[in-house]
Structure formats: C-alpha cells, structure tokens
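Structure first, then comments.
Going by the order they are written in, the chains are A, B, C, D and E; count residues from 1 in each one.
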Amino acid sequence: MEITFPAVNIDSTVPQLIVALFAILALLVEVFSRSSRMVFATCLVGLHIALLRSLMQWGRGIPYESSLLAVDGYTTFFNVLFILIAMITLAISLSYVENTRVDGGKYYPLVLFATLGMMLLVSSMDLLMMFLSLELLSISMYMLVGSQRDKWVSTEAAIKYILTGAFASGFLLFGIALVYGATGTISFSKMESILGGLTGGVPPMLQIGIALMMVGLGFKIAMVPFHMWAPDVYEGAPTPITGLLSTGSKIAVVALILRLFSNPFIQVSSQWVGILWVLAVLSMTLGNVAALLQKNVKRMLAYSSIAHVGYLLVAFITLSTRGMEAILLYSAFYAVMGLAAFGCIASLTRAGGSTTAGEGERLKAEDYTSLGYTQPVQAAILSICLLSLAGIPLTAGFIGKLYLFGAAVNAGFVGLAVIAVLNSAVSLYYYLGLMLRMYALPGRFAPAEEPVGSLFGKLVLLVLGVTIIALGIYPTPLIGAVKGAVTALSAL
Amino acid sequence: MENLFFYIAAILAVASAGSVILQRKVMYSVLSLIVTLLAVAWMYAMLSAPFLAVVQVILYAGAIMVLFLFVVMMLKYEKTEIQRFRPGLLWCTGLLVAVFFLMKLIYVINRASSLPPKVTTLPPDFGSIKSLGGVLYTQYLLPVELTGILLLVAVVGVALLSGIKK
Amino acid sequence: MVEATGLFSKLWLVPALPLAGALFNCLLGRQVSNFVVSIVACGSIGLAAALSLLLFNSFLKLPVEQRHIELCMYNWIPSGDFSAPIDLLLDPLSMVMITMVSGVSFLIHVYSVGYMSRDESFARYFFYLNLFVFFMLLLVLAGNFLVLYIGWEGVGTCSYLLISFLYHKQSAARAGLKAFVVTRFGDFFFVLGIMLVFVQFKSIYFGEVFPRAHEVLTPVMATWVALLIFGGAVGKSAQVPLHTWLPDAMEAPTPVSALIHAATMVTAGVYLVARCYPIFQLSPTAMSTVAVIGLLTAVISATIALVNNDIKRILAYSTVSQLGHMFIGLGVGAPAAAIFHLLTHAFAKALLFLGAGAVIHALHEEMDIRRMGALKGHIPATFWTFLVGALAMAGIPGLAGFFSKDAILEASFTNGGVLLWLIMVVTAGFTAFYCFRLFFNAFLGEKRWDPHVEEVHHPAPVMTIPLMLLAVLAAVGGYMGVPHALGGADRISSFLAPVFPPAHHTDGVSSSRLLGIVLMAVSSLSALGGISLAYFFYVMPGNREIPERLRQTFSGVYDALSNGWYFDKVYQVVFVDRFMGAANFFWQAVDTSVLDMTVRGLAGLILGGGEIVPRLQTGLVRWYALFMVAGAVVIMGYLYIF
Amino acid sequence: MLAADQYLMVGVVLFGIGVIGFLTRRNVVVLLMCIELMINGAGLAFVSFCRQTGSLEGQVFVLFAMVIASVEIAVGLSIVLLVFRNRATLDVDEMEVLKW
Amino acid sequence: MSRGVLQYAPTCPERKAKEMDIAHWPVLSILILLPAIGAGLIFLIPWTEEFFPRVLALLVAGVNLLLSLALFRAFNPASGGMQFAERRDWIPDLGAGYSLGVDGISLFMVLITTFMVFLALLSSWGEVERRPGLFSGFILLMEAGLLGIFLSLDLLLFYVFWEIMLVPMYFLIGLWGLENRRYATIKLIIYTMGGSLLMLVAILSLYFLHHAQTGTYTFDIVQLYETSVPAYALLPMGFAFFVAFAVKSPLVPFHTWLPDAHAEAPISGAVDITGLLIKTGAYAFLRFFLPLFPDFSASYAPLVVVLALLANLYGALIATVQNDIKRLIAYSSVSHVGLIILGIFVLNLQGIEGAILMMVSIALSSGALFIIVGMLHKRSRTKDISQMGGVWRDMPLMGGFFMFFTLASVGIPGLCNFVGEFLIFLGAFRVNVIYGVAASFVVVLTAAYLLWMFWRVMFGPAPERARTWYDLSFMETVTLTLPAILVVLIGVYPKILLDRIEPSASALLVRAEKKLALNQNGSGLAQKEMLKKQTVIVMSQSPERSEGEAKQ
C-alpha cells in the first residue's frame, strides 16, 4: 500500500499554524529569558501576526481538505474573533498575573493553545477533529483555571472543572460513537448526505447519539441543566480566565454547534428543536433568577452568562439564516462585553493579591459600593458592560438582542421571544442594581482609596468600552461581516 | 467458540468494571480496572482491531495504569469513603438516576435494529498497523499533529500546576 | 348682531380696568403703600363704573332694535368645528348688570378701604376683590357660554379665595373649600349643559343659540338643556339643595359678603337663567322646576333665618331666601321682575351687610345678635341706613324691595296660582320678622355687649358714605320699576323686553289693576305683621321670654331650624363620609393591597422560586454530574417519546 | 460470526457502570477511573461499529480517544496531587468551598 | 389651511433668511445631541466639582430651550405633515433609519420638554446636596432621551430612546432618592421594562408583518402605518403596545409605580422630569398606537375609555386620602392621565387636541406643584401633610404660587388646564354622553382633594417649627414665575397651540380612518362609523372656520 499525502493547502491554515508556532516559541522564550513579560510580548506579537493573516483571508473561502477542516468565511470570522478574544484576555491578564503570582511563562502560551483549540474547533468538518480540538481547548482551560496554584479556590475550580468536564467528554465520546454507528461516518459532509437520504424515520441510535452529544456540548456552553459547574469554576478561576471561559470557549462551542446542527443534523431537526426550546427557556430563566439572588459579582456574571446562552439558543432553534446571523452577531458582542466586564473585575484586584479565597479581588457586591468615585475608569467601563449585557439601547447588547429576538419572532417563536424579553426585564434589575451600587453617593467623609489597575489595562478596557458603544450605535460593519460568514456556512 | 470467548471476555470486563466501582480500596479498584482494560483489549482483538488491542494493552493497561498506581501509592490515602459511608440523598438519587440512565440506554440501543448491514468480508489487513497507519498519516495527519500539541499542552500544564520553576 | 362702534368698542375696558387693578395689586401690592393700593383698586373700579354709566347713557340713545352689541376680542379655543371666541355682548340685560355690578362694587371697595385698613394682607384683599369684579363683569358681559363660564368659575374662585382669606382660621378654610366644591358640583351640570348646547346647536354663541332655540330643540332636549344650566345656577345661587355653602361663606370679611355673597356673585345664577330664558321657555317642566326650587329655597331659608343668632348668617339666609324669590319670578315667567328684584335686592342687601359690618366692627368682631343692643346712640349713621335697608328688605311700600317683590308676587299669583302666592306672602312676613329681629336686637333694647368691649369703634367716613349712598339707592331704586298697577311705567320691564321674547312671557301685565293693588296690600300687611311681631318680642319690654318659651315648646322644630334643616349633617353622612370611606377603601384595599400585592407577589414568586437555585448549587461535583445525567435521561426520554 | 450488537452492549454496560461509579463514589482517583471506564465503553462501541461497517474511522477514533484519555488522566492526576498537597484529601465531597 | 400660509408668508427678507437657516440645519438632531454631549462633558468633569457642571448644564438646557423656541418660530402651522424631517440610514440591514421629524403633535412636547428641563435644573440649583454635577448630567441625558422619543419617526429609534430614558431616571431616583428608593426603583424597572420589552416583540412582529406584505424591511413609521394587521395578530400586538404605553402613562391598573417613583424622588427637578416621562406614554398612544392599530383602537375604544374614566375617578379618590403630599400629587397625575387617555380614545379632533393641550398643561401645573413641594421639603424636611399647615403665614409668596398652580390643576378657566379639560369633555360628550358626564364629574372631586390639600398645607395655625421656614429666594421666585406665565398664556391664548396641533391631529384622524377603511374586517362598526363621521367633520369644517376667522 502506497502512502500518498493528501493535497493539503497549508496556506489556508496559516493563522492556526502561527498561533501554534508562537505558543511554542513563547515556551522557548520562557525557557531562555525567564521573563514572563517577554513571553507575554511574544504571544501578543504572534496573535497580531495571526490576526493580520486571518484578515487577509477575510471573505475568501480557501479549501484546505474538505473532510477535516473547512476554511471559509465562517471560520475566518471566528478566527478573527478568537484571536481578538485571546489578545484581550492576554491584555487584561497582564497586571492580574503579576499581582497574583501566577506563572505567566506557561499561562500565556496556554491561552494561545486554548485559542488554537477554538480556531480548530470552528473549522472542524469531522467529528474526530471536533473532538480533538475540543479537548485541546478544554485541557488548556483546565490548566488555566487551576493556574493560581497557591489559591485553593483555583485548585478546587480546576478539579471540579476537570472532573465534570471529563465526565461530559465521556458522554460526548459515546454520543459520537453512536452517531458514527448510526451513520457509518464521522465526516460532516458525508453525514449530511447520508442523513439527507434517510428514509423511514430516524434510527434510535442516532437519536441517542445526538442526545448524548448534546450533553457533552451543552456542558461546554453551560446550558441548563449542564451548567452547574459554571458558577463554581467561574468564581474560582483567575478572573481573566473566567472571561475567556465565558466568552471564547463558549463561543467556539456555539460556533461548532451551529455548524454541526445546522448542517448534518438539521436533517433530523424535528428530533432536537423541541428539547432545545425547553432548555433555552430553562437556561434563561434559571440564569437570570439565580443572578438576581447572587451577591457575588463573579458568580452573578456566571449566571448571567448562562442566561445569555439561553438567549443564543432562542435564535438557534429558529434554524434560519437570520437566526444564525443573530447568533454570530451576539457572540461577537458578548465576547466584548464579557471580556470587558471580567477585565474590569480583574483590573480592580488590589495589588498583593494573596492566597486565600477572594482576598484582593472584589467579589462581593458590597465591595463595589461607591466604586464609581474611587475607580472611575473601571466603574464606567463596567457600567457600560452591564448596560450592554442588560440590552439597553445604544450599546452593542441591544443590537444583539434585537437580532436574536427578531429572529425568533420572524420564525414564529413569538412565545419564546416573549419569555426571552421578560427574562431580559428581570435581568435588568441585577445589572442596574450593581451599577447603582457602584455610583451610590458616598458620604461626605468616605475614606479615599488609591486607584488600582495599570494604565495599560485601563487603556484596553477603555477601548473595549468604546467598542461596545460604537457597535451599539453603528453596528453595520460587523453586520456585513456576519452576513458574509453565514453565507459561507449555508453555502456548505 | 467465538461465542465462548466473547462471553468470557464480556463477563470479565463487566465484572471487573463492577469491581472498580465496588472496591473499598483504591488499589483494588486500579487492579480491577487493569483487568477491564485487558478484557476490552481482548474484545478489540476479536473485533478485527489487532493494533488497537496492542495499543490498549501497552498504553492503557501499561502506562496509564502505572500512573494511577503511582499516584495512589504516593498519596497513601488510607481513608476511603467506604469507612464513612452513609447512603445520603445524593448517593441514592445518583444511583437511581444512573441506573435508570443505563437501563434506558440499554433499552433504546437494544431496539436499534437499523444498524447498517454488517460487512461480511473485511479486507485481510483490516485494523492492522499498516492499514491504520495508512489512514493516520494521510487522511488524519492533522489530528496526529494536533495530538502532539495536545501532549505538549499536557506537559506544560502539568508543569504549571506542579509549580516547576527554573 | 350689531358691531361695536364708537364708545361701545371700548366696552372691553369695563372688565379690563378691574383686571388691570388686580394685576397691579398682585404684582406690586406688597411693594407699595396701602394708600396706593386702595387708590388703584377703587380707582379702577370707579373708572369701570363711570364707563358703565357712560355706556348706559349711550345705550339708551340707541334704537331698541340695535340694543344688541357684540365685541369679539379673539378666538380663544378653536378646535375643529368648535370655536369659542372671547366675545362680549352688550344688551339691556348685561347693560343693567354691569352698571349695578360696577356701581355696587365701587361702593363696597370704598367701604373696604376703611374696613380692612388694619389688615396686613391689604393688597391681597384688593387683588382678590378686583379680580372678582373683573370676572363678574366678564360673566355678565359674556357673548357665549364659555366666556360666561370663565367668569362663572372666576367669581367662584375669587369667592373661595376671599372666604378663606383669614387663612389661620380653620373654619374659614373649611368654608372656602365647601363653597368651592359645592358650587363646583353645580358647575358640573352647567358644563354638561354647555356641551349639550354645543352638540345641539353646533355653536355656543348666545346670538346664534337663542334665536334658533325653538327650531332646534325638541321639548325633551330643551328640558335637558334648561335643567343642566339650571343646575349651575342652583349651585352658584345657593338654591336648595346646594344652598349650604352660603351661610358658611360668611367667614369672609364682611364687605366681601356684601359684594359677593349678597349683591353680585350669588345672583349670577339668576342672571344665567334669565340669559337662557329662551331655552327655559321651551320647557314647562324646567320652568316649574325653577319655580319649585325657588319656592323651597325661599321658605326653607326664611325659616332658618327666623331663629339664627349670627348677624351675618341671618343676612345670608335672607339672601338665599331672596334668591329663591328671584327664581320663583323666573319660574313663573316674570324674568324682568326677577332681574328687577335682583337689582333692588343687591342695593338693600349690600347695605344691610355693610351696616352689619359696621356693627361688627363697632363691637370688636362681635357677631352674635344676643350680645348686641342699644347701638342706636353709638353709631347713628349706621342705625339709620340699616333701618332703610331693613325696611326695603321687608318690602315696606315705597322702598325698592317693595316694588320688585310685588312684581314677582303678582306674577306668581297670575301664573303660579294662589297657593304659591300664599306661601310667598307668608314668607314675606318671615322676611320682615327676621330683618327686624336682627335690627331691634342690634340697635334697640338694652346693652348686652361683651364686657370686654369698652369702647365702640366709630366707622370712618370712608365707611359711612357708601352706606348712605346705598341707602339712597335702596330707598329710591324701586322707582325704575313702578308697576302699571300703581300708575308707573314699569320701565325696567320695557327696557329688558328685547332680551325676553314677548311672545311667550306674561309679565303680570294682563292682570287687572285692582287685583294688583289688592295683592300689594296683602303682602304689605304681611310684612308689617312681621315687623310688629319682632317689635313685640324684642323691643317691648318684658316680652323677650316669649320667644324663649316658644323655643322650649317647639324644641323639635327649633332644633331643626337652628341646624339648618339638618342639610349639613345629612350631606356629611351621605356624601362626605361615604366618599372618604370609598377613597380609603380603594387606597387600602385596592391600591396597596391588590395591585401592589400583585407586583410584590410576582416579585416574591420569582425570588421565592429562585431560592431553589442556591439549594441546587451545593458545591458537590457529583451533584453536578447527577444533573448532567438527569438531563441526559430527560433528553433521551423526550426524543424517545416524540 | 457474532453480531456487533453484543459487543456494543458490553460497551454500553461499561459506560453505564462508569456513570454509576461517578455518581456514587467519592474518591477522586476512583472518579477518574470511572471516566476511563466510560471512555472504554465508548471505544468498544466504536470498534464494534467499525467491525460492522468495515470502515477504519472508528478505530482511528479510538486511538485518539486513548491519547485524550491519557492526557486527561495525566492532567487530572496532577490536579489531584495539587489538591492533596493543599488539603490532604481525596474525598470529592470535601471540595466544596465554591458553592452558591 | 390657506390662513396659515398667509400668516406665515415671508413679510421681510431678513425673516425669511433666518427661517431658511434653521430649516437647513439638522435642528432636531442638534436638539437631541446637544444635551447628550453636554451630559457627556459633565461626566468627564471631576464629580466633586459642584459649580461648573451645574452652570454648564443650565447653559446647555438654556441653549436647547432657545433652539426649540426657534423651531417653534420657524414651524409652519398650516402643515399637518412632518417638518424639519431628517432621514439617514442607521442599520441598513434592518431598514432602521435615523429618522426625525416634528409636527403639531410633537412640537409642543418638545417645547415643554426643553422648558421643563431648564426649569428642573433651575429648581434643583440649591436643592441637590451631593454630587450636583452628576445630577445635572442625568437630567440632561433625560432631556436627550425625551426629545428623542418625541422626535423619532422610526419605530426602532423610538424604542431606543424609550428604553434608554429609563437609565437616567433609574439613577436619579436610585441615587438621590429617599429612604424607600430601592423599592421605588424596583417597581419602576419591573413595570416599565416589562411593558416596553413586550412592545419590542410586538414591534418586531409588525416589522416582519410589513415585510411579508410589502417585501421591504423597514422601521419607518410612515411606511409601517400602511401595514394591515391581520385579525389574529391584532389583539396580542395591540395589547403589547397598549400595555407598554399604558404602563408609562400610567393608566390604572398599571400605575402603582408612579406614586412610589414620585414620592421617593427627592429633588423636585427629578420629579418634574418624571412628569415629563409619563407624557411619553400618552404621546406614544397618539403617534404610534392610533395610526398603527386603528382597528384595535376603534374596536376596543369603549373598553379603553372606560378604563381611562376609571383611572380618572380612581386617581382622584385615592389622592383624597393621601397624607404624603408627593403621593397626593402623583395620584392626581394618575387621575389627569386618565383624562388624557380618554381624550385620545374618544377618537375625535376635540379629544385629541384636548389631550395634547392637557399633556402640556399638566407638565406645567403639576410640575410646578412638584417644584413647590420640593421647596417646601427643603425647608420642612417632611412630605407628611399633617406636619404642615399654616405655611402661608411665613411664606406668603410661596403660598401665592402654590395657590395659583393648585387652581390651575383644578381647572379654573383662564389657566392652562381648563382648555384641555374642556376639549376632552367635549370630545367625550360628543361620542357618548355618559363619557362626558363621568369625566366632568371627576372635576368636582379634583377640586375637592386639591383644595383640601392646599388647606391642610397652607391654612390653619402654623406649627411652631415653621418659624424657620423662610419665604422664596429670588432664584426660586424666578423658577416659579416662568411656568406661571406660561400657565396663564396657554390658558388665555391656547390658539397658539391649537392652530399648530389641528392640522396634524386631523391628519392623524384621516390617516387612521383611511387605514380603517382598508381593513374592513372585524368588529366595532359603530366606532368606525363614528371615526369616519369625525373625519368628515374635520374635513368639512376647517375651511368654514378659517373663513369665519378671516372675517374677524
């Protein structure tokens, strides 16, 4: 048997390669220079190069090798998004890492590896590729979550995350096995044609396979009832990593679900739309109600991110182009909002962060009282994020929700849209409540507090804040990009 | 004959798997798991996957289990939860739900009669190292490389977590 | 309709002058001295009065058919097919009214300068008073219903402000509120009436409504319109059952009572009905209602006045009673007589009130007639003028009240029947009795003053001169309407005739001369009887215990009378208490309980339901895994079922 | 020749036993072993399907799954070591600082 | 119509040049953006600064007021259409535009907004003790939002302003509020957000419906007017819009947030603005609800009217027994709002004109009352009426103003509220005598509770501690004089307003009628007939009247 290498267009995967290369390079830099700032710089440079390279691919579908990876407009859109997310995560990590004595030399490269996982996940056209990149992402995240070695909560979060995560992976793997068994293939495109030619009902094997895959994937996006890990892990993880968890890793899996469920599995959509309807409602409601009661800010945002998954699902189950656009748009918006929010919290960490739970970080809602007067920049940006998360107009979040709910209404899911908006109304209460607390008028003799956070960090946050507002006022460029990406997806 | 072999392997696998979760001591669980893995390797061999069977024995039963044993022995964790075992709410519902889940799974898959028809004639080298290698290094080259990165990540991660600093 | 030309184009100055005075006193009154305030206040009214006289003069020179002058200022509320301009209408009725209003107002203003001289809110007082005159003049000059309504509400407001002028007294505040709300209740009907008029006529101009009334309105509709408008009149003119506010309104300073609650504002109802007479004529039901209400009012309030001891309240009830007479006049088809009575009553009652004011002033704010007496020697000018007023009021032949009252009596005999006439005659006797009961108690007999009163305040000339002028008017005012029966020309009737279409009205002219004289004689006798009785009781020594004994004998009747036939008490229980009860119920039971609790309950439901989340979030990994498995089971179950 | 169904069923049972173990045991190391059981169950399913369809993808998948499993175990055990160093416990129920 | 053209024919070239100028500016955008930018600047100034931000805010509000007056001057009263319209694409993908315009209905809402904001800043000058700069910033933001609501002609843009308004409101109450503010803010959020988010769903439904019918995606209100809503969707969609507007208005039984919001907002200026906020509900009924859902309006008008009458009566009843003076006035707002809604839903010219006039009037009279109460609160530190009394003795000037605005609220002719009230009564009376009777009756109650309140606050013996309550300062006098002048002006010469409102209001009715004629399905025929008749009256009467006026 002669081994012939398949015709591979390496050019198409250059951004991914750059990310991988620079991650390894950064590890080497760490070995030789011992300066975590150098590592940081290397990673950031690598991401910039990858970003440029990705942008060069913008709007072009470049075939790699059809059965494993799809490098198309959809992938490029998400690649750019993930690289940006990684850059922001790095940027908001810088002072946090130094404050909390995390081993930056390995932390930064791991962020890059996680990014690589996300990028590959989005372009997967194969269950194997999907599984591997998902694991790359997950394993990097396990480690990042536990990277604050000398802090128990971080360790506990890591062990919880890996135990539940591996458990979920088991489900996913078994689900994949059953799907493979039912269809005889692991390639998306083949699967689509096989499922398209399906006659005489859906085989139960496939049903169960999809169900088990939904468990595994639902876990990654923290969908109710597979969400339980999220608040704990979000709280324990280093705050920038919480940001990455709630945005990057979630968006990557959502993007994958979109590709998987809207192409191969759409043939059997009647099987899972109904259950997703219920899960969407549950996610929104539980997320919001829990956030309403939560006094810990990081956990509150964790629950709110669960609710946001619910919103995304609302658009997803419409299975329409409009819904896909809405999801992409909202994902991008949510990435900015979430990262900025967690970035603010990270940047509010007081120097000399220490070993026990929560010390140095502002976790409790009381810690935010009158913050607007002592830490004006972070408070202002956090306020913008909260407004945006709440979906107040003139912020990105509003446009996102408009698209989401619009998609639902358009597809006739008016009841779902109504539930979603009512949830949105409930969510307003806790978002605005935190804001109100931040601007609670201080007494005349309130103790002065030194501003915290590095200038660089504040600048990054400022850029994010402005982006949220700018996108809220003029979202058209992004909408154009999203439309292109969705066209690529449906052109498969 | 084949039936017999299968049933022996199956009973061995299931019994030892049961043993994994029933043993009081972790050490015994590890040893039971090794038996399970070997039984699975046996079944791999019977399912025309000789290479996998070998890898299963070497990688799993060999390497991973050593890792387990090593950790278990290093930690010398004598307390087992069995000593303090009280079937609480969580335990009961957990067992109930899990068993129900298993039953459901078995029930549904039993009904799954729509498996693709069994291929009667397999190529002679099906599952051999050569055939697998042929696929791996052509079609699945990228995953293989990805696996390399994955392992690198694991190394870096473990270093990060165990605090290895120069 | 005749366009206003010449002097008549300056008609707007009549109300504008008092308004200017009011604005001056409002904006600058606190900065300038009391002297300037009084000059501006009296001056502006004086000019208005002079202008009215000039207008009257020119008006009389006009041929009768041209005596209908309209002056349109601007379009106030234009809205679709509705339009309500500010327009003034000068016809004989309004001519008479503005002359009377501005004249009497002027006198009372002058009097007030003396009366209020020591009050610290001097400017405020004159601001209100001037404003009142403005609104009153606007009311009588109005050329359409809505402008009339401006004046109508405006005078009510000023009345409210003046009643509660002495703001530190709770009773004054209460009386003001009561006056406003009760009259507002009447106005409610009036507004409905206006709207009904508009809906029927597509116009609210007097000049367009009245001439077309008989062709546009069906009898039923005419009744409705008339009764609704009459509702307004009932409130404003304090007719039964809305009369209760007027006696309480005596909390106002006495000149205010004289002006507003005797001479002008309360007669606005009479004016209104007279103004809308063409509509009332179309409906016999409405006419009889007017007469019956008037009769009831006249009797009820006259009886109450018999036993009251408060000098101002007696006069107030008397006013109510006389207003009832006027409505009887209107109801029996003698509008000119009613207007005539309105005028003479204005003179006499203003005089009596101002005299009462002088008495009160003299005795240091004493109002109870039982603690007066023997003032004759102390304030002679007041005594004599008061006597004139009382005689005029009682209807002693020769004085103003006699002619006007008898015009009404005659008309009611002719058109209303003997019974009506008889009741009115008895009422006339009551009137004479209580007027002189008051008079004798205050001025004659022995001194029963409060021991604190050491020295009687003598009224300043600025107070006595208006008294005298009014006394003259009260004495001779009747000669503008000497009836045909006595050989007079009844000039007032003929002057007003163009306003009241002659086709239907029967102003007593048809009755025979002899009958007229007989009727007059009977009513005069009745009045004299009343005076004699009062003299017997209160002046002739040793008889003072007779009324006391009577009171004990008929204690039930006496209690009813002295409590004003229990109107106030009934209203309190039936309306006010019920209303407050309902309000409290809606607030406590509906608003804070049901509605608020719904919201709170919803929030509680969300939060309470949310309480389950902390319980689930146990922090135990296996618990989380359990949920995942359970989720898988549910999803599988769902897939398998569906 | 045996039907692949039977092998599949063994895989299902192994998977199920893993799930049961995960939900009932408290020792972290045992939990990790239960995950191994689940992965092996899945592997068995893969290979049996492979046999059934005659395609090699399943076997390739199992190969990678083994790698993943080993990586997960390695990382998992390193975190377990970290936990043990901090708290001297392997009881998963004692890791509950993070809750509500 | 010709009358207006004549009146506004350019008489001198200078005047014309000036008008051209303002017509070529994006004057409406400036109106909205100016306060927004001002607020932004204020937020950038260090918040410990007290004087400068307040001056800046006052300046911005003043300029805006002048600008709106210029707008008023340049407004062509003869036209019933949109003037000074601006339209740019905003989100072309959605067909959402940045589309502004002003007509006779919104013109006065704009004017009253700029005026009341200026007044609010003026009145809060000495009242805000902590972070006055921040306070002024929020007020300016409110102004921007309010003007946006009144000016936008795009449903999405409208919704944007509608929601965004809540944020500064929330902070005004939440930060400077009294002890119960938390509860008040929760209620504010639950009610208004719940309502308006439901409306968002309805807006989206309408949008897609429009697309289904015409094939274009647009939020442009003029195009959406043409959408015919099928019968099955009419009730839920109309209801969603209705609830959103009714909550904001607030119509009983959605009103309970208002008394809390009013009572807990400490600064009179903030309360004032709340007063404006609630006008947006009624305005939205006119601008969006009537033309979008004429069939809903026509079919359910009797129900809505009954609800409005109930609200009118109910508010008056509850106001009577309030001991908290702010709650009392808040409930009086509830009562008045009932009247406004009544005016709108009797669906005739008088009703609508009266409603608009009433909105302006209530903003003035109730707003001024709130300012006075704020001044009283500053001195007495209490809202409890039983703690007051006899205030007149030491504060005659304030007493005078208080009396004046109370009387205005009572509806004394010659002051502003009367005109609106009367037109609403007339409109109601023409539709159904019972409506007119019920509405006019409440006026009696209004007089009772307002004057009773006045009595309890101002009359009677003064409490001992009132000795320290000083009379109005110069600044306060100015603050109260400005609305007083307007109250009289509108009361005496409402023609300024009515002339400009009428073309737009009749255009509105004509449009509604036309649409109704298109959808000749469903019930409520009698109402439709009535609406038609009204339109005919409008059409036929206006030339007549202008002739009549020309004669004068």
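As a convention for this text, a residue touches a chain if its C-beta (ideal position, glycine included) is under 8 Å from a C-beta of that chain, and two chains touch if they have at least 3 such contacts.
Just so it is clear, the structure is predicted and the values come from calculations on it, not from any experiment.
Common neighbours of chain A and chain D, listed by label, are B, C.
Counting hops only between chains that touch, chain D reaches chain E in a minimum of 2. Chain centre most remote from that of chain C: B (centre = mean of CA atoms). The count of contacting C-beta pairs peaks for the chain pair B-D.
Measuring from the average of all protein CA coordinates, the nearest chain centre is that of E. Taking each chain's centre as the average of its CA atoms, chain B and chain D sit 6 Å apart. If you average the Cα atoms of chain A and of chain E, the two centres end up 44 Å apart. Taking each chain's centre as the mean of its C-alpha atoms, chain B lies 103 Å from chain C. Chain B has its Cα centroid 31 Å from the Cα centroid of chain A. Shared contact sites, meaning residues of chain B that touch two or more other chains, fall at 94, 97-98, 101, 105, 108-109, 115-116, 131, 140, 143, 147, 150, 153-154, 157-158, 161.
Of all residues in chain E, those that touch two or more other chains are 186, 190.
Counting partner chains per residue, chain C has residues 613-614, 617, 619-623, 625-626, 629-630, 632, 636, 640 touching two or more of them. Pairs of chains meeting the touch criterion: A-B, A-C, A-D, A-E, B-C, B-D, C-D, C-E. Within the complex, the chain A residues that touch chain B are 1, 3-6, 8, 20, 24, 27, 31, 34, 67-69, 103, 106-107, 109-110, 113, 116, 120, 128-129, 132-133, 135-136, 139-140, 142-143, 146-147, 149, 158, 178, 181-182, 184, 203-205, 207-208.
For chain A in complex with chain C, the touching residues are 159-160, 163-164, 167-168, 171, 204, 207-208, 210-212, 214-215, 218-219, 225-226, 228-229, 231-232, 271-272, 274-275, 278, 286, 289-290, 292-293, 426. Listed in rising order, the residues of chain B touching chain A in the complex are 105, 108-109, 111-112, 114-116, 130-131, 133-134, 137-143, 146-147, 149-150, 152-154, 156-161, 163, 165-166.
If you check the complex, the residues on chain C that touch chain E are 72, 74-83, 85, 121, 124, 146, 149-150, 153-154, 157, 160-161, 164, 167-170, 172-174, 176-177, 180-181, 184-185, 187-188, 191-192, 195-196, 198-199, 579-580, 582-584, 586-587, 590-591, 595-596, 599, 602-603. For chain B in complex with chain C, the residues that touch the partner chain are 90, 93-94, 97-98, 100-101, 104-105, 108.
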